[in-house]
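Labels A, B, C and D are assigned to the chains in the order they are written; within every chain, residues are numbered from 1.
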Amino acid sequence: MAPAGAKKGILERLESGEVVVGDGGFLITLEKRGYVKAGLWTPEVVVEHPDAVGQLHMEFLRAGANVMQTFTFSASEEKLESKWKDVNAAACDLAREVADKGDALVAGGICQTAIYKQDADEARVKRLFRLQVEVFARKNVDFLIAEYFEHAEEAVWAVEVLKESGKPVAATMCIGPEGDKNDVTPGECAVKLVKAGASIVGVNCRFGPGISLKTMKLMKEGLQAAGLKAHLMVQSLGFHTPDCGKGGFVDLPEYPFGLEPRTATRWDIQKYAREAYNLGVRYIGGCCGFEPYHIRAIAEELAPERGFWPPASDKHGIWGSGLNMHTKPWIRARARREYWENLLPASGRPFCPSLSKPDS
Amino acid sequence: MAPAGAKKGILERLESGEVVVGDGGFLITLEKRGYVKAGLWTPEVVVEHPDAVGQLHMEFLRAGANVMQTFTFSASEEKLESKWKDVNAAACDLAREVADKGDALVAGGICQTAIYKQDADEARVKRLFRLQVEVFARKNVDFLIAEYFEHAEEAVWAVEVLKESGKPVAATMCIGPEGDKNDVTPGECAVKLVKAGASIVGVNCRFGPGISLKTMKLMKEGLQAAGLKAHLMVQSLGFHTPDCGKGGFVDLPEYPFGLEPRTATRWDIQKYAREAYNLGVRYIGGCCGFEPYHIRAIAEELAPERGFWPPASDKHGIWGSGLNMHTKPWIRARARREYWENLLPASGRPFCPSLSKPDS
Amino acid sequence: MAPAGAKKGILERLESGEVVVGDGGFLITLEKRGYVKAGLWTPEVVVEHPDAVGQLHMEFLRAGANVMQTFTFSASEEKLESKWKDVNAAACDLAREVADKGDALVAGGICQTAIYKQDADEARVKRLFRLQVEVFARKNVDFLIAEYFEHAEEAVWAVEVLKESGKPVAATMCIGPEGDKNDVTPGECAVKLVKAGASIVGVNCRFGPGISLKTMKLMKEGLQAAGLKAHLMVQSLGFHTPDCGKGGFVDLPEYPFGLEPRTATRWDIQKYAREAYNLGVRYIGGCCGFEPYHIRAIAEELAPERGFWPPASDKHGIWGSGLNMHTKPWIRARARREYWENLLPASGRPFCPSLSKPDS
Amino acid sequence: MAPAGAKKGILERLESGEVVVGDGGFLITLEKRGYVKAGLWTPEVVVEHPDAVGQLHMEFLRAGANVMQTFTFSASEEKLESKWKDVNAAACDLAREVADKGDALVAGGICQTAIYKQDADEARVKRLFRLQVEVFARKNVDFLIAEYFEHAEEAVWAVEVLKESGKPVAATMCIGPEGDKNDVTPGECAVKLVKAGASIVGVNCRFGPGISLKTMKLMKEGLQAAGLKAHLMVQSLGFHTPDCGKGGFVDLPEYPFGLEPRTATRWDIQKYAREAYNLGVRYIGGCCGFEPYHIRAIAEELAPERGFWPPASDKHGIWGSGLNMHTKPWIRARARREYWENLLPASGRPFCPSLSKPDS
């Protein structure tokens, strides 16, 4: 594989029209593997069980991801106290180690703060961000992501701090089509982020594939209306949430321990990847609920455009073709695209509804 | 931790009334991680990516499993040709390495053959089994499991071969309440297996938690009626299959790439563990679809009986208690047992049915 | 139309191989029209609003029914006190008046008593039946039906009393495949009823089309095993109840004011009619939930066998053919059998489950 | 009862703040009774089987309706040719005969034409309307309704013609929140209708209770914004249609022969009546799918406001109270408001989805 130094940067890739495949969700995936605790959702596993984190990075790399995002979600003074700096440094090393085994970049990520909700003190919030960025700078990550922001204002502050590093900045908000907490529309959010300096904008988390793409469409239209240009990025949930309200999946009664029936199939994700591509989004990944095979589904759907298959496709027959040698003819009959594209999968739960009402 | 030599054997544990927690499914879990190919479902990952297999063993151990089953499913001359012996040996080493990090035993497993279906030639089938057992004997596994048999006759042959090793033998069939392919009832199957020398009998795979326990009840009744004694073992799917027919989940239209909406929650598995325990089953684990957190759910539900919590419970608040500090009061309100026990999780798929008709 | 005197009797029809189409449900249909009170379910409307009852008879006649059952359900001393005799006499007159407008017979019906449940005193129960039969004899109904019995013993008493009249006797129980309240199997029930003198046996009410036919199959097998012959009759609910327990639909949480989503379509009923016919049932009608168009569906499905269409088919295009002139092409496309046979109709209720757990 | 002459007119009632309860659907109800043919949906039953129509009027009157709408839907030269005049005259007589038995008014109704869709020739369309109004004038109906219009323009023409009669005019369109076929919003439609002379405006048919009320809210807001005043009227479907598109229920795959699972319960309609009332709507009735017991549900829900119960409530225990003497305690437990208000009724159809995709 090519030496890290030889890799094209994130903007180079996007500007040349390449599709960048993001990685998937660490928190919920590692919670199910027994390493992250639901509730606080902090990434201390990075120092406690680095192998488990490295293994997941490796799986996303094999699945075709071009980005290894440092597992530093909520890893700040605020939540991890004195531990935070070691966690962040270790997360950078883990991401880099795996990224160097393939064609992937390392992205350092910061997210919204509790301070902001308390008093929205710009100086204090930015100080918290700056401390985190220092580690990323020292570890020389390839670019930076401000993600999971419910307020455009705080996301703008984050972008401003990240820009100070001189590295490319992506910014994604965890909002739906109704906009941010202060009713700033997706289009307006996108405009603010680009004006603040983000080269890549979009959404991550909180909403499933269908709704996330609706929000992306609004962001795109907002940018066009304002005459601005930016690369588009989407990292949706791996769960279907047609019934969620403005707050997204956390308000659904199934969050976070009963979401299984909502899990997207690989075919749902191929559809999502295609629709995102058709919308003009070129940085396509996932967030909570996105397992490695979901990322592979993005890479497989867009293999014609990218010109290659991800390593993990060695263990995957396209559109179920691996079933074509099954002894039962009715299972062999499933080894084709039409079958899986049209399947309406049953829940096996006849006593359960198909939609829920969000709490609030 | 105690040295391996000091560990109690499988029969010692069961005879003293201990609950033995089995491990979960390797094939489907590693398929989703990008290492196993659906269709043939062979375990060559054991030599190709041993770290990925070791990591999964480790997760099951942390989740509370007392058994590390060698990942040797279908690993015979028949399917893997010359490679099979290396795969089996490596699988034994991987299982042992992790087992020695905790209180777990290593179990070598064999399963049904294609030869049997073709001509049911006892000598040929037994020869295939014997080759596999030689490796297990050389690697000194702690006990042996004959699993995933659709025909009682072939399962009996397997038990006969395994008994030759002098090690304790468990035998599980992948049948439902309607019995095996030749209409041998579950009760009759159990009787045959015990008479052939199995100390532990039960079911694995093909059927979800509810149906698997129905079959276990019939096995138990069959043994009682015959005046026989044996330890009971259940390793169900991690998918709900109330709608499957005699052939189990492979005949459902969702198999194997659209099963997501059927995935059991951790609460479903706690219920399964409790019901299995109440039925007198003391070896309780999982098969396809059982992820590490499902195994942890067994270990947590039966923690009062076992007297301890599994290591991975450090990252899990009991009955959702980790949510009790959430900023949203309606999410804090989910931090209690009644909430999760009574949740009827929505699929988020209003255009899909809740049950399917099996193909055949 | 032919004079009443010229009509073939019920046994003549069945013995010559004719299909007899029964009528539908009066209680629930007239409850929805505002004339019957749920709870006691008594037929005083017969004297209070005879036009409403006559109209419903007329609708069933037009739909193709060959039997006008007197609306005398629960019309005994027990429930209606002194009023009962007038109600019964009026019900006979109403049924006869409509029957004489077409090719229909009048059947007088009696059903299970509260006395039986209290102390099962044969003399008292039979006295109650005898009083009712006196009215039917005086009004010269064409045949008699003992229906809606949960206990074979009481049904046998009813048949014995009805036989005293010298008229043909049909007997239907409201049981499912699990048998009567004392665990008498459907096969045994059928045998007892035939031995007591019933010429026609079967089931009515409490269970939907699918389950009712399962019970009929068991009755048929019971009679065959006993070497007995009888005509078979089925009058199922017009509601789907795959989830009901031994007690039938009354135990479902939706009974009686939330059953709407379970209502059978006309196509469901055509399937039921065909399956009943194929099973050898020749008296095919409905009970609660069967509206006139459901009876028409029976008559239309079996029109080839009967050789004629019911009058109300003048207002019904076969298999939706009336849609073939619609201005919207996608609605015209529904004017064909395949469309309606394969439709999986949505409930429009995504927050509701598809099955319920029966209360008890 | 009071002589017809003494009855308060429709505007008098609404202006004094009274709730006016409309009647329900004739087409689908009489189709199920065997008198109307789906497809053309014409009302020739009025002359062919007047008793059947009179009976249905009577049921709506007993249920509490204050309006007997003449069953003249589509009864114009266009569809019924020479027959139309007799049908319309007979329909007026039938409605009057029943209206005079209670406190109900007679309303003559006209609806959209096929001519309009072909060439929107105002003169021809108005001529068709005028011919119909002549009959209504001769028969001296109490007021007139223009209903089931998809285009605001044609509805305005209808109102203009109806106004010529000097009688009060109501106008309802069969549109949803997205507006009419030319994208005229509900608010704009309402404004146009009022400006054309309608005293009462609203929606009827095509959409279920929930969506119809959303449209009403938009109409109300449109009128308020324009500083106009009018009485509001809603006559929704008796079917749930959350999944329909702009065309309403006719585009749903279940239309018209598989709508059963969507049928509203009486409790759904009580909720609808209360919400309509709270929104300020005072003329509340139903359209297709509204059976007499649905109208009774409106009258019962608003009995406190109206000060009396409808006659058919003699046969209805409020909130299921008629079940309080049932022998089974779990059925007695259903005799209360909380039970029925919170019931989530199952469809009994686990192989069906809960929502459909509209055709088009």
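FYI, a contact is a pair of C-beta atoms (placed from the backbone, for glycine too) under 8 Å apart; a residue touches a chain by one contact, two chains touch by 3 or more.
Please read these numbers as outputs of a predicted model, since none were measured by experiment.
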Starting at subunit B, what is the smallest number of hops through touching chains needed to reach subunit C? 1
Using mean Cα positions as chain centres, tell me which chain lies farthest from subunit A. C
Using Cα averages as centroids, what's the distance between subunit C and subunit D in whole Å? 33
Whole-Å gap separating subunit B and subunit D, where each centre is the average of the chain's CA atoms: 59
Residue list for subunit D, restricted to those that touch at least two other chains: 243, 344, 350-356
In the complex formed with subunit D, which residues of subunit B make contact? 243, 350-357
Subunit B touches which residues of subunit C in the complex? 344, 350, 353-355
Which residues of subunit A touch subunit B in the complex? 31-40, 45, 51-52, 55, 58-59, 62-63, 114, 117, 208, 239-243, 250-267, 291-293, 296, 311-312, 314-317, 320, 322-328, 330-331, 333-334, 340, 343-356, 359-360
